[in-house]
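Once you scroll down, you'll see the structures, which are given as structure tokens.
Common to both upcoming complexes is chain A, partnered first by chain B, then by chain C.
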Partner chain A sequence: MAYLFLAPFLALFATFVLAPAAYGLWISVTDWSPFRDVQHFVGLRNYADLFTAGSPFHDDFWQSMGATGVFVLASVPFLVVVPLLVAVLLNQRIRGGTVFRTIFFAPYVLGVAVVGVVWGYVLDTQSGILNHLAHAVGIRADIPWTVDTPWVWVALVGVTLWWTSGLNTVIFLAGLKGINTELYEAAALDGAGAVRSFFAVTLPGLRPVMLFITTTTVLASANMFGQSYLLTKGGPGNATRTAIMYIADQGLSQNNMAPAAAMSYVLFAFLAVVSLINFRLQRERLEKGRVR
Partner chain B sequence: MRKSVTRGMGAGLAVVVGLALAACSGSGSAKAPGGGAVTGNGGYNGPKVEITFWHGWTGGAAPTLVPQMIDKFNAAHPNIVVKAVPQEWGDIASKLPLAIKAGKGPDVAVLHGDDLATYAAQGLLLKADDIVHTLGYSASSFPPGVFDKGNYKGAQYAVPWSVTPLGLYVNKTVAAKGGVNDVPTDKASYEAALKSLKSAGVQGEWVDGYVFTGTFEFESLLWQFGGDLYNKDVSQATFNSPAGVQALTWMKSLIDNGYSPANVAQDGNIKALLAGQTAFNWNGVWQTTNSAFKGLDWTAAAVPQIGTQKAVWSSSTHWVFPANKGQDPNKTAAAATFVKWMNDNSAGWAQTGELPAANTVRNDPSLVATYPNLKAFIAELDYAHYETVSPGINEANALITTAINEALTGKATPQAALDEAKQKADQILQQNRSKYGA
Partner chain C sequence: MSATAVSASSGRTGAPARGARRGRGRFTARTALYVVLVLLAALIVLPLVWMLVTSFKTDADAIRNPYSLPSPLSVDAYRTLSGGQQPILLWLWNSLAAATIQTVLIVATASLGAYALARMEFAGKKVVFGLIVSTLLVPPVVFLIPNYLIVQNLGWLDTIFAITVPGAAGAFGIFFLRQFFVGLPVEIEEAARIDGAGDLRIFLQVVLPLARPALATLAVLSFLNNWNDFLWPVYVLLSPERMTLQPGLSMLQGAYRTHFAIVMAGAVIASVPVLLLFAIAQRQIVDSVTGAAVKG
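Now for the complex of A and B:
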């Protein structure tokens, strides 16, 4: 009976996720070319090429993986901590809380194209509002936000934070509502202040939510594409060209489908390992927390 | 990144349909059994057909202009109905190859010059030698060099429609601040103008490291210094030649000399020109229709000659006849009639900020009289350079922009940046040869 209810979803999942994924796996072990009718099985050659220095894709692929890594490391802490703090603030009984929640969530509904165009104006080196403000408060007036390192990273993380943190905030907020208020009362009776009860009650209470958020945020950051595609064009040089950007370029525009499929699976393997580690670490704490 | 996934191979098909077409239109006005024909003057006398036309003109004046032209054509041709399907260029790139292979593509389409060879190599286009011959077109019907862009491996696949060269836009109010009242035309006068603008506190030309427009400026300069992007059979990149290094070094020197700010973001330069912050901008003829110029005292001129010879970058668009599976020769014949009529009536196209390719139309004095801003651009066509004809060439071209970006942001010297791009471009050219069997 359960399968009957699951069937519609399973059908969609199989058609749009499983089947393409399997087809991609097949492509990655062939010399797939859109210009030939027959494709040949080449075993793991496409994968081996990715790990062989000097192959046409090796340098660029790992450079793009490095750029992805930088972005994940730089963005995830902010994308978790800032929404958490905002959610805690919104969880207080304040006037207009719903309004603020809506405002913080609003950017998330924008498409990346809109975000790119709007921030392109704001971050322009010479005529952007941001540099204008920076100049007004006495900082240099020509910070190359979208043109040169390290500023491009600051801009990309900042824009991503502005754009997507609303989602995490709302999820944290839902988690906060689920924490029993009696725990806070008990903590207050024991003499715990705001900070102490945050660490002793709020954070442990949010652990399941935290696991979900860190996992999805790491994955989302590792799949970053639109921001650097639109704002920095992958520049300077190829410094902000992420793995997804490089894979899309190789597969979709240069028709190197087979190596691109192999790269996708290497990226997938990396993300699977990272997610597993994350899961393992947080689950252990979760279980310990329950025993106590 | 604007090209897209294509599958399968439609070779042979093109040949078959091409032969059928040749049978229809080979001798000027001959009528094939059961088929229509294009007559020598571009008329069509076959059975009534409806033809579809794909184009990417979704912005500016085009969305009102194109339906007007098509209505006029349909009214004048009782046995042809043209149905236009406008869509974004990017959508055309991703849909057209698949549609043609499935026999659901249009009967006529417009493509950019740098895409023609990619389509032709995949057998997606009909060989149009006979159509071109019947319509009376030859290389001399168009600006020098444009017609050949539709020629791939000895066959003609396209009829030129428009050309879009780069030019020098001048904000005259800003230029006058630096005492610059004449538009500079060569290296000496251009650098002198930049220098006196600098002493008046104006950075005269803002150089950027993006396709729009740093890449176009670099390519113009490369040709001016006597270089070229690729060797003759497009097996090797040559943009790292001494000419290329000179070109990029000169662009970098504008920053080093303080004539340009560093780290100009994409489109920062045209914004600055419009905002009255800079005097010069190398930009495409399409900017003449930019409504933000209203109220400014501005002019457009030929790009100055910085190198040893006159040269300028230009793009082009072309008519093509897709080799749909089961293509009806009558429809292709009707499409040829449509193409000829459109080219003959393309004077109004100038209001979209593109130059009509047909010499008869463009050289008519009334065109410049109506659109005086186009005069300088039309004069440039004698020495303009167009796209490289080679399947998949855009992927190699993308590396040029990366090199310019690295050099202008100081990540590498012009020589080192171009050398690295050349090496990668050569790899891509080699991949393209095996990919497209070119």
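Now for the complex of A and C:
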């Protein structure tokens, strides 16, 4: 009976999760071409090529990995700190807390395409409202938000912050509600001000939530695709072409399926290592925190 | 003792004991707090207001007066979109159909499967569950190329199957509902079993009605997810009449480079349904995204 209950899901799961995971691995060790009927096993050549300077995909792939890395490093601190501060504000005794929470979360339910085209207009160099406002306050330069570095990075991080920070805000807020209020009273009795009790009570109390948020935020930023695709088209040059964008383009538009499949597994390995390091680091602090 | 209890119950805030410092300093701090929150809210809302306002402008008005109200008020942008080569009403319909079909698929298959994993004993249960959950950790890009080829082999490219069926195979629904089923008191089901009900009857008539809130939450999340999906439909949908709103918007952006009113009208059409859904199911959505983090 249990198997009957599971059968519909397992059929889907086997076809579109298990099979492709294995199939992708197979593609990555062949010379796959959609124009041939027979594919040949080539061992780890596609992987080796990715690590060999001068081979066809080496430079572009690592440039895209670099762009992904830049985006992760530039976006994650903001995506963690800003929601944390906003959550602390929302956790004060205020009227309309739910209304603010709802507003802050709202952009997250929009698709990246909506976010991309709306901000594409806001940030447009000639007709965008942001540069119009800059003119109004006396800044004459037309800032190339979506066209030139370093502005493209400011734009991509800013737009991502606008779009997704509501998610981390509500998660932090739930974490804050879970902190025992007696700890704040004890801190206050010891003469701790708001700042001291933030570092002595709030941050340690949020450690498990912090681990969850940093892990999921790093992964989300490392999987960035739509913002670059819609706002900067990966430019200028290929400066903001992320790994996902490059893999999708090579695999699905340029018919280089085998190298692209290998790239997706290399990216997977990278993300696994980053998550593991993050987990280790934070778990150590978690354990130290408990001893103290 | 009672003093502690009182201050504890009233002090669920970041720095409660600071309330001891009363008077003017406290008043200005609270005012500053509201000012900051209102400014942040304005920063969130303004781009959306601007999207809406611009969508009711003529092209010339949008370029000449970027931040005034529309004058004249114009529905040209919407008219262009419903007529031209970008059949946006068809995209709206495709998006609604795809999101609904995928939601039904997910809720149906995940509730059955999750119930088996939560309540039934069978050989290989641990392995199956472990396998399902471990795929939550695999980034979606790993499935992109092989799934494209699988969908192609099935003859599903550029059909609604491509954007509904593969996406229903994700592990999240099973994981989410299993948590919920495990938390249900088992006595109700046992009572039904004593009354002679079989597994399927218990599932359909006892468990599913109890699980209605969890099913509704999963349905809302699945709908949003499918509605907003971007990368996959960009690559598996090819012809304009098969498009959904998200890849469609990207097409609009390319076709009407400087016709901002038209692009904004498209964005309004793509965002109103999800913002409405959010307005209705706000609590379920927020609770479900925080649940995983705070419990775990």
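By our rule, the second predicted complex is superposed on the first by the 271 of 292 C-alpha atoms of A that agree within 3 Å, B and C clash if a C-alpha of one lies under 4 Å from a C-alpha of the other, contacts with A are read in each partner's own complex, and residues count from 1 in each chain.
Criterion: contacts are C-beta pairs under 8 Å (C-beta built on N, C-alpha and C of every residue); 3 or more make two chains touch, one makes a residue touch a chain.
Note that the structure is a prediction, hence the values are computed from the model and not measured.
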*Label the relationship between chain B and chain C on chain A in the superposed model as either fit or clash.*
clash
*Report the partner of chain A that touches more of its residues: chain B or chain C.*
C
*Kindly classify A:Asp148 by the partners it touches after superposition: chain B alone (first), chain C alone (second), both, or neither?*
first
_If we overlay the two complexes on their shared chain A, which of chain B and chain C does A:Trp62 touch? Say first, second, both or neither._
neither
*Pick one for A:Asn255: touches chain B only (first), chain C only (second), both, or neither.*
first
*First (chain B), second (chain C), both or neither touched by A:Asp37*: first
*After lining up the shared chain so the two structures overlap, which partner does A:Ala188 touch, if you call chain B first and chain C second: first, second, both or neither?*
second
*Which holds for A:Ser127: it touches chain B only (first), chain C only (second), both, or neither?*
both
*Which holds for A:Ser264: it touches chain B only (first), chain C only (second), both, or neither?*
second
*asked:* By the touch definition at the top of the document, which applies to A:Leu89: first (chain B), second (chain C), both, or neither?
replied: second
*Quick one: from 21-29, 39-47 or 57-65, give me the piece of chain B that collides with chain C in the overlay.*
57-65
*asked:* Per the definitions at the top, what is the overlap between the chain A residues touching chain B and those touching chain C?
replied: 120, 124, 127-128, 229, 248, 251-253, 257
*Complex contact set, residues of chain B against chain A*: 1-9, 122, 206, 209-210, 261-266, 268, 271-272, 275, 277, 392, 394-395, 402, 405-406, 409, 411-412, 427-428, 431, 435-437
*Of all residues in chain A, which touch chain C in the complex?*
1-3, 5-6, 8-10, 12-13, 15-21, 23-24, 27, 86, 88-94, 100-107, 109-114, 116-122, 124, 127-129, 132-133, 162, 166-167, 170-171, 173-178, 181-182, 184-185, 187-189, 193-194, 197-198, 202, 208-209, 212-213, 216, 219, 222-223, 225-226, 229-230, 243-244, 247-248, 251-253, 257, 260-261, 264-265, 267-268, 271-272, 275
*Residue ranges of chain C in contact with chain A within the complex*: 4, 7-8, 11-18, 20, 30, 33-34, 36-37, 40-41, 43-45, 47-48, 50-51, 54, 62-63, 66-67, 105, 108-110, 112-113, 115-117, 120-122, 125, 128, 131-132, 135, 137-150, 165-171, 174, 199, 203, 224, 227-231, 234-235, 245-250, 252-253, 258, 260, 263-264, 266-267, 270-271, 274-275, 277-278, 282, 285-286, 289-290, 292-294, 296
_Which stretch or stretches of chain A touch chain B in the complex?_
33-37, 56, 120, 123-128, 142, 144-148, 229, 233, 235-238, 248-249, 251-257
